[in-house]
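Scrolling down, you'll hit the structures one after another.
Shared between the two complexes below is subunit A, which has subunit B as its partner in the first and subunit C in the second.
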Partner chain A sequence: MKGSMRLQTEVLIIGGGATGVGIARDLSLRGIPSLLIEREDFLSGASGRNHGLFHSGGRYVVSDPEAARECIAENRILRKIVPHCIEETDGLFVSLPEDSLDFRDRFIQACEEADIPAYLLSRDHVLSLEPELNPDLLSAVNVPDGAIDPFELVLANAKDAENRGAKFLLHSEVTSILVEGDRVKNILAKNTLHGEEYLIEASYLINAAGAWADRLLKLAGLRMAMALSKGSMLITNQRLANRVINRCRPPSDGDIIVPNHTVSILGTTSVRLEDLEHFEVTPQEVSLLIEETSKMLPAIEETRLIRAYAGIRPLFQSEGKGDDRAISRGFVLIDHEKRDGIRNLITITGGKLVTYRLMAEKTSDLLCRKMGTDLPCSTHLKPIPAMDAPSNLKDRLKASGEAEILCDCELVRTDEVEKILKEGGVKDLQDILHRTRLAKGTCQGGFCIYRLLGILNEMGLAEGDSNKILRGFLEERWKGIRPVLWGSSIKEEELIESIYKGIFNL
Partner chain B sequence: MATVNSKRMDKKTWPKSNADVCIRCATCMAVCPVSRVTPLFPGPKQAGPGAERFRKSGDSSVDEWIDLCIGCHLCDMACSSGVNISELNLMAKAKYLDEKGRPLRDWFLTHSFLFAGLASFFSAITNFLLKNQAVKWIADSLLRIERRRELPAYQSPTFRQWFRKRPSSPPFEKGGDACLPLGGQGFEPYSKDRKKVAYFYGCYTNTNEVDVGKATVQVLEANGLEVILPPQECCGLPMLGNGNFKGARKMGLKNVPSLLKAVRSGLDILFSSTSCGHMIRHDYSHLLAIPGTEEVAHHLFDLFEFLRNLRERGNLNIHFKELPLKIAYFPPCHLRSLGIGLPALEILRLIPGLEIENIEADCCGMGGTFGFKKEKYEISQEIGKDLKEAIDRLNPEIVLTDCEGCRMQIRHLTGLKVLHPIQILRDALSDTK
Partner chain C sequence: MHYDLIVMGMGLSGLMAARTAAEAGKKVLIIGKGMGCLTLFSNTIDVLGKIPEEARLKDGLSQWIQDHPDHPYSKVGLIGIDESLSSFTSLFQSPYSFQTIGDRNSFIPTGAGIMRPTYLIPDTMVAGVSGNKKALIVGFKGFRDFYAGYVANPLKWRGVTLSIPDVPNQEISATALSRWIEKRSFRERIGEEVKKRLNGETSVGFPALLGVNDPMGVKMDLEEKIGVEVFEIPTLPPSIPGMRIFNRFKEWLIRRGVNILSGYSISKVSLKGRRCEGIHVHHPPVSTLYSADHFILATGRFMGGGLKADRRRIFEPVFNLPVSQPGSQEKWFEKSFFDEHPVHRVGILTDSSLRPIGEAGKVIFENVRAAGTILAGHYCLDEKSREGIEIATGYWAAKNTFQI
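After this line comes the complex of A and B, so read on.
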């Protein structure tokens, strides 16, 4: 194509979520060169929009023991290779008076069969561990759940892969896939920020586009049946419990509370969706989540919520089933050679954040078989170095007495942000927000984002119209705040609105 | 089960965090005297509701800077959302110091009431020692009590001794003797006129500024009131300010029954130290959960608040003589935090010939025991700079303020004569002369 930049790679990976990046790292460890292309930034899909639960497998152990077994195996591996991304909090499966103790007993039994260490705690013991829990609870089962930071996880993976030779092309969208005979020949892509076009020649193509997997296959004239299920979550202003709190009953809406840094995340709902680009958290979902989760932690009824958000679970559908929760949360690996006669195309989708490494391993194994090599996987053995910026709550609190703070709510230091900016690679505001805790606190960026623009300006990085950047940020922020706007949040919103309208004339 | 119960009890003792209602507006940052002068303290918004989000139960404290909160309550007053910022700070400070351990110095600074009687009795020796440079040097290097700070001198006899022995005084009564029918239990915005009032004078008046107590008694008597001294101990504020909840609560548990007895016998209780008053009225109930405090608080008045009430009902003795003095008045933080306006200023303005100006400055920087501490002395002085400049501009003969801490600091900053406003009011009441 005229005017387009030609790129060549052995393997092209599409999708910068945990799976795609995990594959890039896996291949880099095997010495196979790859290029990853992502329409936006890393984690722009479900990888960045989940509750950050570090699964023990308990959540699926009764309904989907196979997925549960995968979870616990990966749980053990990730504790070793990415300890810096995981908070080993443990999780409780709480039985309330209306919950069946038969299910609890089946749950404990199933955990045993799936090799998930689980033990029963008495009511008094549970309440001494988590005093905010509903005092009417009957008992709870402790499992090795935890909290995982998906941003840290994916970015650390990407950095390590990059150091080992993997390449990344962000903010670039695949526009067409050219199939010739039994092979994908070329891929055309376009940079979404500058409009630059690329012609990519790759020997193998891996579709790790998550919820967009089907849409991508369409470009190659193929199809796959997927169920898109929206899961909505709410974020509280403060961390309400230190452990993951699950309801000990078959999975349903509003049955989990996951601690995450300074906050707790209340989840989730499951709503069938058609439109991938436009979806919002509805008032019904907000009410449902509060109603259900406050049965476990009554404080939720009075606590302040700071944001609502939703992610899309890419669920593979083998045949039309009614309930999305009944569809396996396990992953699907498709060799399009067998399925469609396209020899160099693989699709990987579904799964959980916690099984990303396993998904990458299986995908890379399949690729190796296609390439005719048997290079072994080593991602389960080689730890991933930690990113240097984020640190735990205690460290950040301590440092807040010493350094200049950019984000008051999340105690993000100015020098921390400047370092990321100096390293380069960030293209827009969203990229910066993915790489720091900026704007993730009480005011949701109301006060720190304009300060950030000041820094961008000082560093000569503010391209184009600052007001436009601010407007874009505020629109996205508004989308997340509007569903939970009442009480003190509304008071704060009035203040922030007057700042942006009055001072920035937006 | 025991652990559960004790946890629940802790929660009752300490108010539930209302950090959730902070709207991050940073108004508190504009009034904080400490963060204004040092980058070491991140300011109320971050130290209070902000840091709350980072403190996990069971984690040890890392926020060493919390110890720099001076406890002025200015942030609480500025907060548009009613966040109890200084209480959050105090609780965090208590936790930090409980874990880290308190220096011996803090024990001395908060337990002066234990040896105050002795110090007064041997005041000549005590005062010689307190002024002695060698002693101050030792206190500085061993205890880290700043040597540039004057240590308050002790007086003999104490206020209480003076009160008992003075010829004009009516026989000393113990607080419990009911001399009026029991008043209503409910809240009365202004208590009815009573012939007797009880006086909570505080330790500093008793042993270090006896004349404040004398002036209080003289003014009240000049208004036809009989003063009764209910049994009392240190209010406990120095301990509370140093994060010692247990010690402070112990003092409160001694004081409240005695004050309650006085209240139930129909007496109003007056305080001349705004810090003691603030402690009893707010901290006893809110932070320390001492039973009976609410009832006491309804009958507890700042001395000038009480006089202003008398004035509003036309019962205040205003036969003042002319006092041609140029005076500056500084309202202490704890007075402002009481939310009663500036009653001393209102009353003093009735005195003919008295030229009195309000000093427009925030916290004096003393913060009770804060300003004595070697590591905090510089901060204390830096905070006081604004106040000193404001006083210099007014160029008064005398400075008045209701709090002993502020008086010490203003003397230290300016070298001027600094009195409690009641002392000037006494001087203006010609018939007491």
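After this line comes the complex of A and C, so read on.
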């Protein structure tokens, strides 16, 4: 390939979600060099679009005890290695009068069998812990659920991996995979921002593209059956409960409320999806989520919602053949040597955010077997250092001190953003938003985006037309806000429109 | 106490209604929850920005009225609009007065470096009009609602950001800065700093916070120190120029004996047949009934609290007046942020004297009128007509109330 940049690596990982980044770190600890390529930025797929539940396994314990066991085991490990990403809130599985107490008893029994510490709480006790809960509830079961910050988790993993020699190529899309005989020989990729082309030679290729895994395999002339399921969520402007609130019934729509820093996230729905690039939260989903979650927390009916968003669960459809190495129903690890006769290709998909480390471990183990080494995994032992800027509000408040605050909703400091900008590597607005808590608060960036662009202009870093970027951001923001505009949200929206369409004449 | 008129809402339309009635010698009470949206956005007076650039405003308005029979301007008419604007400008005498240039819209720079059309401009902004001159834009470190570089870059001007030594490394608000700048010693320092950085520019643009009380004094003093013309550029809310407008109205109304009740909302209205007899205002822990012969509802749109929305409908919370509905919630807003959203055109439908009407055009209350942005049939954001609608309909509602 003339004009394209040649890159060489031992292992090429495709996909910058929790799984891909987890593999990069796992390999870096084993001393295996890797390059990770990602079409957009870290967390652009399901890793950045979920409810941030730190699973105890309770949610699957009745329907899928194997996945539940994995969850509780990883739950224990992650508390040790990434305590800074986790809020240990505990979770309640609440039984309402219309819920079967048989299910509750089966639930407690299944938790015991899966080694998930669970205990029953009386109605009065539950209400004293979470006074906003529906007073008609019968009882609740306490499990070790929690909240996890996916942004901090993935970025901290990436940083540690990078410090140990892993390399990252962001905003670059794989355009073709050249297979020669029984091996993937080269990979062609293209930078999506400036069009530069890369020819990548890798001894091994790991497909960790999540919902895009199937599309990627197509480039190599292979295929796998995936079922794409859209899950929609709503964010409230305040935290309605301190614990994770689950409905004690078989998993269904609108049965979970997860605390996340200063807000609560209401989830979820499950809708089959065909188009990976264009999907939105429908008015029906919004109504359903409000109606179902408010049965557990009646205050939701009156609470201001600040955003609706959706993520895609990459589910693997069983092919009914014996050639898949399904480790569990939770995630899928495919050795394409056995399945398709391609010796240096592995696909890992499915799973849960909380099992990302285990998925990385199993993938790296398989890779090591292929490489003929027995370098052991150590990700379950070695803690991941926290990022410089703390993610939780209490620590942010402490750190904000005398510094200038750029985002008032989430206390993001101006110098924190300036540091990220100076370090380089940030290519567009979304990159900055992924690396800070900017625009994640009540006004959803209504004020701080103007400030951010102001700083970029002052620092001489603003490339191109800032107002075009501003327009683009406002359109993206709109997607999440439009489905929840009523009550006080509509007031804020009038304010934001008055600023940008009115004062600024954008 | 019994009043001739009670005005509900302390934005520009409410203030204009109170002024018009007070000028005719009426006994007026104006009640408001806050200072209205005036203090958020009203830097200049937009009347109708959405007309051809070179068109005279009168011609633009006259065409607009022809094309939009249900628009609030069509109810007031050209003469009424003209009278109302004259009444507004006569309230602002030199040194801080409002000007129009050639009876046309003028273009002034915004905080995003885009020029925007507007009609009446305070003296402090005139030197920025049209942006022909080469300007140096000045921002302040720590003031997060204005970035000199952001303003200057698209306009091919130059921006500088000054540090304020007394404010170490922390954010500073528009109101605080506007107080600082009223101090001579502070101006002395920044005047000197700016002068040093001039490089052939023939004017200097500051964020619109050159003092609340004596902006022209501040402007002239800075000009003397810097040696070139100085102008203000509107920023994010709050609006210091809006506060100047509010303060001037308040001062005038108080002098005219208008009672002002600020910080309270209306808990209930007393109705008798097709008339309103009074409003209940809750001052914790008691409620007081204020009665009047006439009422003007100028409570604004969603931001002001004049309109409210739940998941199912849009309603008016004081009288429960009928509100035109844009269909179910998913139809309120279009897919693109920059589209024209149907929700912005809803509001209170009225007859030509601004009395709210129900089905079949029937007047609901004989002695209640609506004024300002709560009215249906306009899209003031897109039309750039917010202040014009407020001034014209506030004036018109009071004028019709008393057949002045």
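Just so we're on the same page, the second predicted complex is superposed on the first by the 487 of 506 C-alpha atoms of A that agree within 3 Å, B and C clash if a C-alpha of one lies under 4 Å from a C-alpha of the other, contacts with A are read in each partner's own complex, and residues count from 1 in each chain.
Methods note: contacts are C-beta pairs under 8 Å (C-beta built on N, C-alpha and C of every residue); 3 or more make two chains touch, one makes a residue touch a chain.
Predicted, not measured: the structure shown is a model, and the values here were computed from it.
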| item | value |
| --- | --- |
| First, second, both or neither for A:Gln317, with subunit B first and subunit C second | neither |
| Touched partner set for A:Ile405, first subunit B, second subunit C, both or neither | both |
| More subunit A residues in contact [subunit B versus subunit C] | C |
| Touching partner for A:Thr262 - first (subunit B), second (subunit C), both, neither | first |
| Partner chain in contact with A:Pro283 - subunit B first, subunit C second, else both or neither | second |
| Subunit B versus subunit C as contact partner of A:Asn505, first or second or both or neither | second |
| Partner chain in contact with A:Gly441 - subunit B first, subunit C second, else both or neither | first |
| Contacts of A:Pro131 with subunit B and subunit C, given as first, second, both or neither | first |
| Which of subunit B and subunit C A:Trp486 touches, first, second, both or neither | second |
| Which superposed partner A:Asn237 touches (first subunit B, second subunit C, both, neither) | first |
| Residues of subunit A contacting subunit B in one complex and subunit C in the other | 405, 447, 487, 491, 495 |
| Complex interface listing, subunit A residues touching subunit C | 283, 287, 290, 402-406, 414, 447, 450-451, 453-455, 457-458, 460, 462, 465-467, 470-471, 474-475, 477-478, 482-483, 485-487, 490-491, 493-495, 497-499, 501-506 |
| Subunit B to subunit A touching residues, read off their complex | 1, 3-4, 7-8, 11, 17, 19-26, 40-42, 45-46, 49-59, 62-65, 81 |
| Contact set on subunit C toward subunit A in their complex | 37, 40-41, 43, 110-117, 139, 142, 144-150, 153-154, 159, 161, 168-171, 234-237, 301-303, 308-311, 328-330, 332-333, 335-338, 343, 381-382, 384, 386 |
| Contact footprint of subunit B on subunit A as seen in their complex | 124, 127-128, 131, 237-239, 242, 262-263, 303-304, 393-398, 400-401, 405, 408-409, 411, 441-443, 446-447, 487-488, 491-492, 495 |
